[in-house]
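Sharing a structure below in C-alpha cells format, with a few things to ask.
For clarity, chains are labelled A, B and C in written order, and residue numbers in each chain start from 1.
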Amino acid sequence: MSSRLGKLVERLGGQLIGDADIEISGIASLSDADASHITFLSNPKLRTQAAQTKAAALIISSADDAAIGADYQGARIITENPYAYFAKAAQLFVEQRATPVVPGIHPTAAVHPSAQVASTACIGPHAVIEADVVIADHAVIDAGCFVGRAARIGALTHFYAHVVFHGACEIGERGIIHSGAVIGADGFGFANERGVWIKIPQTGKVVIGNDVEVGANTTIDRGALEDTVIEDGVKLDNQIQIGHNCHIGAHTAMAGCVGVAGSAKIGKFCTFGGAAMVLGHLTIVDNVHVSSGSMVSRSLLEPGQYTGFYPLAKNAEWEKSAAIVRNLSSMREKIRELEKTLKSLTGNSNE
Amino acid sequence: MSSRLGKLVERLGGQLIGDADIEISGIASLSDADASHITFLSNPKLRTQAAQTKAAALIISSADDAAIGADYQGARIITENPYAYFAKAAQLFVEQRATPVVPGIHPTAAVHPSAQVASTACIGPHAVIEADVVIADHAVIDAGCFVGRAARIGALTHFYAHVVFHGACEIGERGIIHSGAVIGADGFGFANERGVWIKIPQTGKVVIGNDVEVGANTTIDRGALEDTVIEDGVKLDNQIQIGHNCHIGAHTAMAGCVGVAGSAKIGKFCTFGGAAMVLGHLTIVDNVHVSSGSMVSRSLLEPGQYTGFYPLAKNAEWEKSAAIVRNLSSMREKIRELEKTLKSLTGNSNE
Amino acid sequence: MSSRLGKLVERLGGQLIGDADIEISGIASLSDADASHITFLSNPKLRTQAAQTKAAALIISSADDAAIGADYQGARIITENPYAYFAKAAQLFVEQRATPVVPGIHPTAAVHPSAQVASTACIGPHAVIEADVVIADHAVIDAGCFVGRAARIGALTHFYAHVVFHGACEIGERGIIHSGAVIGADGFGFANERGVWIKIPQTGKVVIGNDVEVGANTTIDRGALEDTVIEDGVKLDNQIQIGHNCHIGAHTAMAGCVGVAGSAKIGKFCTFGGAAMVLGHLTIVDNVHVSSGSMVSRSLLEPGQYTGFYPLAKNAEWEKSAAIVRNLSSMREKIRELEKTLKSLTGNSNE
C-alpha cells in the first residue's frame, strides 16, 4: 500500500531533493496532507500554503521551489509540470489500492455464443453481449451493460455499470465509458413532407479511438450514412450530446452539458466549457477554446478563445439592460440623428 | 438485398427516366455512391456534384433536373421532395438488411404473469415487465428495459435497450424510444414551508401518441394531477427534458438538449433548435420556430422564427461588449444628456 | 380509500369550517374537482374559480377566505400556507392508494453475500448490490439498480428503476433517486502535458443527506480528493450535472438541465431556474436565486435574484440587435466623439 519516494522518482522521473527512503502511503491536498502523504504545488498563489504543508514530500516546479527557498525544508520532487506529475503519481497509488478485477463472465450475464470475449476480460452481472461482439484483453464490462451486435471493444477498455454501446460501434484501447452513456443511438434525421417527419435510417456507426473517456449519461449518435468519429485522447464529461456524423479531433476536451449538433467537424486540442453549444455542419479548427455557455453559430477558422454569453446581473439591472438590448436599433438611430444635427451645426467640421 | 429501380418507383412513386431494370443495392451520398447505389439531390448548391455522381440513379426535383440538363446522363427519379423520397427509399433498403426480430420472451426477462404480451412481440434479455402491462403486436422491448405497472405499449413500437417506461404511461403505434430515455418519472413539484420543500405527489401519467420518436437519455415527466401529453408524430432528440403537465402538439420536433419547464403548452408543427429552453406555464402556438440556444421566457402567440442568444466573439471582444451591456443604462443616459444639450444649443429646433 | 374531513384536519392541522363528516376520496384541481374531492386555492387570481369549485372542501388562507366571503358556501380548511397543506394532504391520499411494497430480495437480483440488506428493505429484479453495501430499513431499490461496493443507503430511501449508485457513496433517510440518475461517477479531472490529458484518479465520494430528491438522468460526480456533498433537503430536478467536489447547502432546489462545475460551493435555501449554469470554484451564499438560462460566472456573495440571458425576439429583430451588440464598443466610441464635439462647441459648459 505504500512506496519509497526514491522508487516513485525512478518510475516517474523528476529531480529528488531529500531522503529517498521516505515511505509514501498516498496523495493528499496541500492542506489535508500529513507525514505519510505526497502533495503538489501547481498554482503559484498557494506558495505560502505549500511552505507550511505537513506532507512528507512536495511535487514542485523549479521556479516555485526557488521562490519558496528555505521556507520549506521537506523532501521535494522538482519537475516541469507538477500537476501532470501528481496525476501520474495518483494513478499509481490508486492502482495499488483498487480491488483487483477478476476475469471471467458473471453467471447472470447474457453473452451470445458467437461473441468473442478474451479470457482476461471481465463481464459483470446482467450484462448483455450480443452476437459477433469482440471484446479484447483485460476489457471490463460492468454490471448491466449492453453491447450490441458486432460491436468491438479494445484492450483495457472499461465500461462502468449501465453503459449502452450499440451494434457495429467500435472503441479502441484504454478507453473509459461512464455509467448511463449511450453510444450509437440513431442520429436525429428526418425529411419533412407536408409537415410530417419521415425518418431517415441511420446506418453509420460510432468509431472511437484509443484513450478516450466518455462521461456519465453522455450520448454519441451513430452516423446517418457515414460514421461519427471520436479521435484518440478525446475527453468528454457528463451529459454531453454529440450528433450524428460529427468528427472530434484528437485530445479535444469538453466539459459537462456541451451539445454538438450533427456533422460538426471539430479540430484537435480544442476545449469547450460547460454547456457550450455548436450548431450543425460547422468547422472548428485545431486549438479553438470555447467558453462555457457560449453558442457557436458559425465556423471558427482561427485558433483562439471565443465567448458569447449574457453577463449575469442582479435581476433588476438585467431587466433594464435587456430592455435596452431589445431596442438597440432605436438607440443607434438616436446617435445617428445626434451626429447629423451636430454636423449641420458645426458646418461639417468633422469631415 | 437489392431491388430493381422500376420496382422502387412502383412502390414510392415519382417519374422514372432511365432503365427500370437497373439493380440497386443501397443508398449512398452523392460523393460516396457507386454504380450499385441510388443517391439524391436536395440542395441546389450541390448540382455540380450531382452531375458527376457515379450512382446508378439520382432522386431529383424537376427544377434541379432541368438545371443540370445534359450534364447528367444517368437514370433519375423526378419527384417533388427528393429528401423525403430518399428517406422512404432508405427505409426500404434498411428493412431488407436488418436482422429479423424473433418474437418471444427472452428466458432472462422478468415478466409478471398478469402482463399481456402479444405473441408477435419481442421481449429482450433482463427486461422487466410489471403487472397489468399491455404490449401490442410486433412491439419490441430490448435488453434491460423496465416497463412499470399497467403501462400500455402500442403495436410496432420499439424500445431500444435500457428504456425506463413507468407505470400507467401509454405510447401508441410505431413509436421509437431510444436507450436511456426515462418516461414517467415524477415531475418536480414541491410546496415551500418556511424554507423546507414538501413533495407534491405526482399522480398524472405520460400519454404519447402514434409515430413518436424519443431520443437517448431524454426524460418526460408524468403529470402532477393531470397528464403530460405528447401528440402524434412528435420527434424529440437526445438529452431533452419535458416537465410535468406539458402538452406538445402533433409533428413538433425538438433538437438535442432542449428543456421545457412544467405546464408549457406547445402547438403543432413547431421546431426547437438545440438547447432552446421554454419556461413553465407558457403557451406557444402552432408553427413557431425557436432557434438554438434561445430562452423562451414569454408566450409566443404568433407563428414565426424567434431567437435570443448572445453572439459569439473572440473572448477579448466579448469582454468589451459584455462590459458595455452591463452598463447600457448609463449609455442611454449619456445619449439623453447629449440630446438635451444639443436641444438647448439649437433652440429646440428639433421639435 | 377515503378519509373524513375531520380526520384530515386532526392529522394536518388548520381550522375546519363546515361538516367534519364529509368523506374525501382524493385531491383534484379547482376545475376538475367533484363532490368527492378536496381542492386548494394558493393563487389569489383564482378566487373566482375557487368560489365556483364543485369540490367537497377547499383549503384556503384566511385572507382569500375573507375576500371570497359568501360567494363560497362549502366546507373549508383555513391555513397559513394552503399549497403546503395541499402537498401534505396529497401525500396521505397517495399513500393510501399505492401498491404496498413487499420486503425482500427478488430472485433475479445479484446481491453479494457481504451486503447487509435490512429485512424490511425491498430489492427489485435484476438489481445488483455489491460487497459491503449497507441498506437500511424500508429502503426500496427498484429493478435494474446498481449499488457499488460499500455504498450506504438510509432508511426509507427509494431508488427508482435503473439508478446507478457507485461504490463508497452515501445517502441518508427518506431520499428519492429517480431512474437513470448516476451518483458517484468519476469527476472530470485531467492534467495537461504537452496537449495530452492525463487522468487524475477521483478518490473522493458523494455524500448525500436526508430528505434529498434527485431527478431522472441527473449526474453527481464523486470528489477528486475530497467529497462531493449534498446537504439535507436538497431537491434536484432531471438532467442536472453536479461536478466533483461541489457542496450544495441544505434545502437548495435546482430545476431541470442545471449544470454546476467542479468545486462550486452553494449555500442553503438557494434556487436555480432551468438550465442555469455555475462555473467552477465559485462561492454562492445562502438565499441566492438564479433565473433560468443564466450563466453564473463569478461568486455571488449577496442574497438576491440574479439573471443573465439574451432576451428573445423575432429572428429579424434579434439579428439587428445582435449585430449592434457585436459592435457596442464602436457605438460607445461615437458617443464619446459626440460628447467631445459638443463640449468644444459649448466651451466646456458641461463641466
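We adopt the following convention: a contact is a pair of C-beta atoms (placed from the backbone, for glycine too) under 8 Å apart; a residue touches a chain by one contact, two chains touch by 3 or more.
Note that this is a predicted model, so its numbers are computed, not measured.
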Self-check item: Fraction-based call for chain C against chain B, same above half, different below
Solution: different
Self-check item: C-alpha-based rotation, chain A on chain C, 0 to 180 degrees, nearest 5
Solution: 120
Quiz item: In angstrom, rounded to a whole number, how far apart do the mean CA points of chain B and chain C lie?
Solution: 26
Exercise. Among the residues of chain C, pick out those that touch two or more other chains and give their numbers.
Key: 108, 126, 144, 162, 180, 217, 239, 257, 275, 309-311, 313, 325, 331, 335, 338, 342, 345
Exercise. Enumerate the contact residues on chain C facing chain A in the complex.
Key: 108, 110, 126, 128, 144, 146, 148-149, 162, 164, 166, 180, 182, 185-186, 188, 190-193, 195-201, 203, 217, 219, 221, 225-226, 239, 241, 243, 257, 259, 261, 275, 277, 279, 291, 294-298, 304-311, 313, 317, 320-321, 324-325, 331, 334-335, 338, 341-342, 345
Quiz item: How about chain A: which of its residues touch chain C in the complex?
Solution: 27-29, 32, 81, 83-84, 86-88, 90-91, 93-94, 99, 106, 108, 124-126, 142-144, 160-162, 176, 178-180, 213, 215-217, 233, 235, 237-239, 251, 253, 255-257, 269, 273-275, 292-293, 309-315, 318-319, 322-323, 325-329, 331-332, 335, 338-339, 342, 345-346, 350
